[in-house]
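Going in written order, the chains are labelled A, B, C and D, and every chain counts its residues from 1.
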Amino acid sequence: MNAVLKVENIGISFGSNDVLKSLSFELGENEVLGVIGPNGAGKTVMLNILTGILKPTKGSIIFQGKNITDRTITERCRMGFGRTFQVPRPFEKMTVFENVIVGGVYGDQLREKDAKRRALEVTEIIGLGDKKDWFAGKLGLLDRKRLEIARALASNPKVLLFDEVAGGLTESEVSDILGIVRMVKEQGVSVVWIEHVLKTMREGTDRVLCLAEGRNVICGLPDEVMESKEVHEVYLGAEEE
Amino acid sequence: MTTENTMLAVDNLNVHYGDFKALHNISLKISSGSVVSIIGSNGAGKSTLLNTIMGINKPSDGTIAFFSKKIGGMPTNQVVAEGISMSPEGSRVFEKMTVEENLLMGAYLKQARQRKDERLEKVYGLFPVLKEKREQHASFLSGGQRQMLAIARGIMTGPKLLLCDEISLGLAPVVIKDIYQKIKEINREGVTIVLVEQDVKRSLKHSDYSYVMLKGKIVMEGKSSELPEDEVRDAYFGVNKYAKY
Amino acid sequence: MQFNFNEDSRSKFKWGILVLLLAILCTLPLWAPEYFVMVFMLIFLYMALGQMWNLLAGYTGLVSLGQQIFIGLGGYSLAVITELYDLPMLLGLFVGGVISVIFALVISQPIFKMRGVYFTIGTWIAAEALAVFFSNWTYVRSGQGFNITASYDLTTVDIYYIALVVGIGSVALVYFLLRSRLGLALMAMRDNESAAETMGIELYKTKLKCFLISAFVTGVAGGALYLSIAYIQPFAAYSIDWTVAMVFMVIIGGIGTLEGPIIGAVVYVVLKQFLYDYPGISMIILGVLAVAIILIAPKGIMGTLHDRYGIEFLSARRRSKDVESAA
Amino acid sequence: MEIIQSVLNGILLGGLYSGDLVIVSTFLCMIIAAQVTGSLLLALVITICFMAVIGFLLQNFLINKVLDKGDEPPLLVTFGVSIFLSNVLLLLFGADARSIQSPITSSNVISSNLVSVSAVYLLNFVVAVLVIGALHYVMKYTYFGRSIRATSNDVTAAELMGVNTKRIYSYTMCLAMASAAIAGLLVGMTFVFYPSTGTQYLIIAFGVVVIGGMGSLLGTLVGGVILGLAQLLGAYFFGAGYQLLAGYIVLLIILTIKPEGLLSTAARK
């Protein structure tokens, strides 16, 4: 497997509390890697370390062969990291179109003219074509999530980090999101996808990594992982003596 | 369950966060003296349910009745005065205050102040480690000790109903066992308990009655000893016949 | 397309109104009474101040209480250049802008390390420190200050045109800033700073640019204000009251909007002039008005109009159809 | 030897700096004393009550309403109200400089060739220590004080203890205003003041709190002493005009290197 992203033994502690103890995984070219785990497993912390919001206390992050552990948020974005937020954070007083332009202009250093053209394409393929001149603040939850993905896509990312993009959506909306993820993958982007709706993970990912108490428990094909004794123990609790 | 000894009745409760509907038509009953567990993976709406009972979240519609008094939408401090107390997720002890000051905060309300000495003695008896550390700041406590402090602080308010939100989260098995032991003792003294847990086995083992939540709905309920574990598991993961939710 | 035609004619109509408005303002001294001209002069100068405070607080989240630093520097530059060196007044205005930028650059290092309310108070303390320093600095005649004799040669009309350039210039500057690449970053930061950062926007650089721009314009506007006041003294020049006025204008008009400071400046200056003989009362009314607006419409007049009805007069929008028709 | 004098004065001055809206209280106190009661002590009591009520009303009916609307609205409401109050004062009393006269203002307690301590400064120091001591007692040993600390620590958790946190904000404002009233009288007895002097004290009060670390009472005292010292040393070395400047610069330096305050708990993450 050709790894785009390699995470090696990262750990982070807040005071005496080790939130991530030691986490390693690889993300392959054009792969969708699902990350599951109960509350407090360290999923969001992991995402924040990957995007550079938090600095790990140990370990390193290798992106396309380069060590990026000390790079800032903006540098990582320009190198090809895109992300969505658990609670979407669109630029509410800007239109959908303008939101997506920001991705092109600042995430990919395009000239504004080219960024506009790309924004048109991206809003179209993500399914926001008829709402592109709406103020982002007026969008519903699904469209906000779409917009976040579109904005990230416009920055021409190599790796997209999804933070619970399917959370809070209805069944049919989730299948829309699954379609979008498939489409993103077809564009040649690798995805790290945190989610707690396990069923969605089973359908939408190539591999699943399960975290618990700050370390990886198991990593493998979705069906294998979901059926594994380890995951059941993590979620359902071990047999008490 | 007979209606006569129903302590808390939640009827058709709906809660929204902006566009997002967090709870769908939740109905449940909790009878006096029992231990009831609410099971579900994260995001299922368990904490939202507890927070709504406590008045931290406001219901969009539906009722919550405590001893047949409507408490839905009441401010939190009044809910506490009615006799419901909660040990919140992640303990949320007052880190800049000492252990004893944390406990005295539990005795803040007038009716609790009068019985503060007696209750302090009781919780120190229940959790001797807190007595040892009474002069220390809560920030120096371990995760398990914080959880104990949060529960003890809740008891200081003199509740009839104690809601415990994920009290085993991130703790070592030995500590969890200890804490559940204490919960049992507290229940024996007449306090009704609601446990919110991600851990199915533990929940079923320590409760009389269980509700299973999935995506903001209650998908299963029954006596804990009678619920088939693999069906709970299906409901928990939202697979097989529970996939429709 | 019918729709497009309408859009086009509407925007032509809008530009027509703007040109007409500009023509009226340019010829104002020819037909309006002098008092009127003086009021408009003040409106333009305060508008520039409001625009600059809004650029900082409304877009980059830098809530400064120290904008009077640049007013003082601008005023003193004018005084020193014209009084001590007998150089032209316009040079004085320009030097005021430049010195403001230099000073802003120097204090940006420590002051940008402060976050949130600490930045707010830090800027204020810096201004108070300057006031004390100037009142002890013999080069600028300490507490005694200057009579700016250069302004005695100017008529209200002269100052009006300077104010017109500064005021309209500041609006145009912010408008074109918003339409530029930088403006995209500014609007994004206004709406959500952390999301903007993950989209590749460099927060520090963008904030610094705005801080310097606002220092320059405020410095020039400060000089122009002192042309009309004609007497400068440290504690008045570096008084928090300047920034209080900016805050009121922007809050009343609508923070983070282009039109807000304009509306705010009109309300502020007209109210102050109307109650000119009762300065205390006008401040009391402004205080009450500000509190009332925050309680009733926390986004100000423009912000509320925009939220409820989508109204924008000066739009820096990038519309998708511009690209479609170009492609 | 003059340095010793500076240091001593600095320590005494430092005790003074706490609370805001100080000048409003000064004026109230003065006017009540002069026109109503004739007694400074009685005037002080009335002022304290009045300021406490104003504080409660301000917080309960204005600031609490905008608390959930972000960081700026509460700040601006406070701002609007203080502009309102100071201009009402300006209107009532004019912009002339004033000072409160009492026998204590001009006498020295200790007079010798080496050191002299003015009675006013000593009074300031004693009162400041008393006020801070009293506040410390309230915060540490009463249900009210603990609930203030709990609320500032974790609002939701405090609500879960049965605390009406918005009410607590209002009472806290009451307390702050009452201490401002006391500070106001001291300022009036120590210095000449104008309606616009308030700004200066607001900055100094803020500085004291920042240096001391937010919410730490011992810190407040230490902060006051540091600032007072900085000012007096500044005046000693560079001349009286630079007294305030030295204080401001020390404050700016501290803000730059340690915005959370010098004494803030290391536990903060």
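Points worth noting:
The rule is short, and it goes like this: a contact is a pair of C-beta atoms (placed from the backbone, for glycine too) under 8 Å apart; a residue touches a chain by one contact, two chains touch by 3 or more.
Just so you know, these numbers come straight off a predicted model, no measurement behind them.
For chain D, the chain whose average C-alpha position is most distant is A.
Interface comparison, B-D versus A-C: the pair with the greater number of contacting C-beta pairs is A-C.
Rounded to whole angstrom, the centroid-to-centroid distance between chain B and chain C, based on C-alpha atoms, equals 54 Å. Each chain gets a centre from the mean of its Cα atoms; for chain B and chain D, those two points are 43 Å apart. Averaging C-alpha coordinates per chain places the centre of chain A 50 Å away from that of chain D.
Computed from the mean C-alpha positions, the centre of chain A lies at a distance of 41 Å from the centre of chain C.
Within chain B, no positions touching two or more other chains are listed. Multi-chain contact residues of chain D, defined as those touching 2 or more other chains: 267.
Interface residues of chain B, counted against chain D in their complex, comprise 54-56, 75-77, 80-81, 85-86, 88, 92-97, 101, 104-109, 112-113, 137, 139, 153-154, 157. By the touch criterion stated above, chain C contacts chain D in their complex at residues 57, 63, 110-111, 113-118, 120-122, 124-126, 128-129, 132-133, 135-136, 240, 244, 247, 251, 255, 280-281, 283-284, 286-288, 290-291, 294-295, 298. Those residues of chain B whose C-beta lies close enough to touch chain A in the complex are 18-20, 22, 41-43, 89, 143, 166, 169-170, 173, 177, 198-202, 205, 215, 233, 236-239, 243-244. Residue ranges on chain A touching chain C, taken from their complex, read 51, 53, 73-74, 77-78, 83, 85, 89-95, 97-99, 101-103, 105-109, 112, 116-117, 119-120, 123, 132-133, 135, 151, 155. In the complex of the two chains, the chain D residues touching chain B come out as 143, 146-147, 149-150, 153-154, 156-165, 215, 265, 267.
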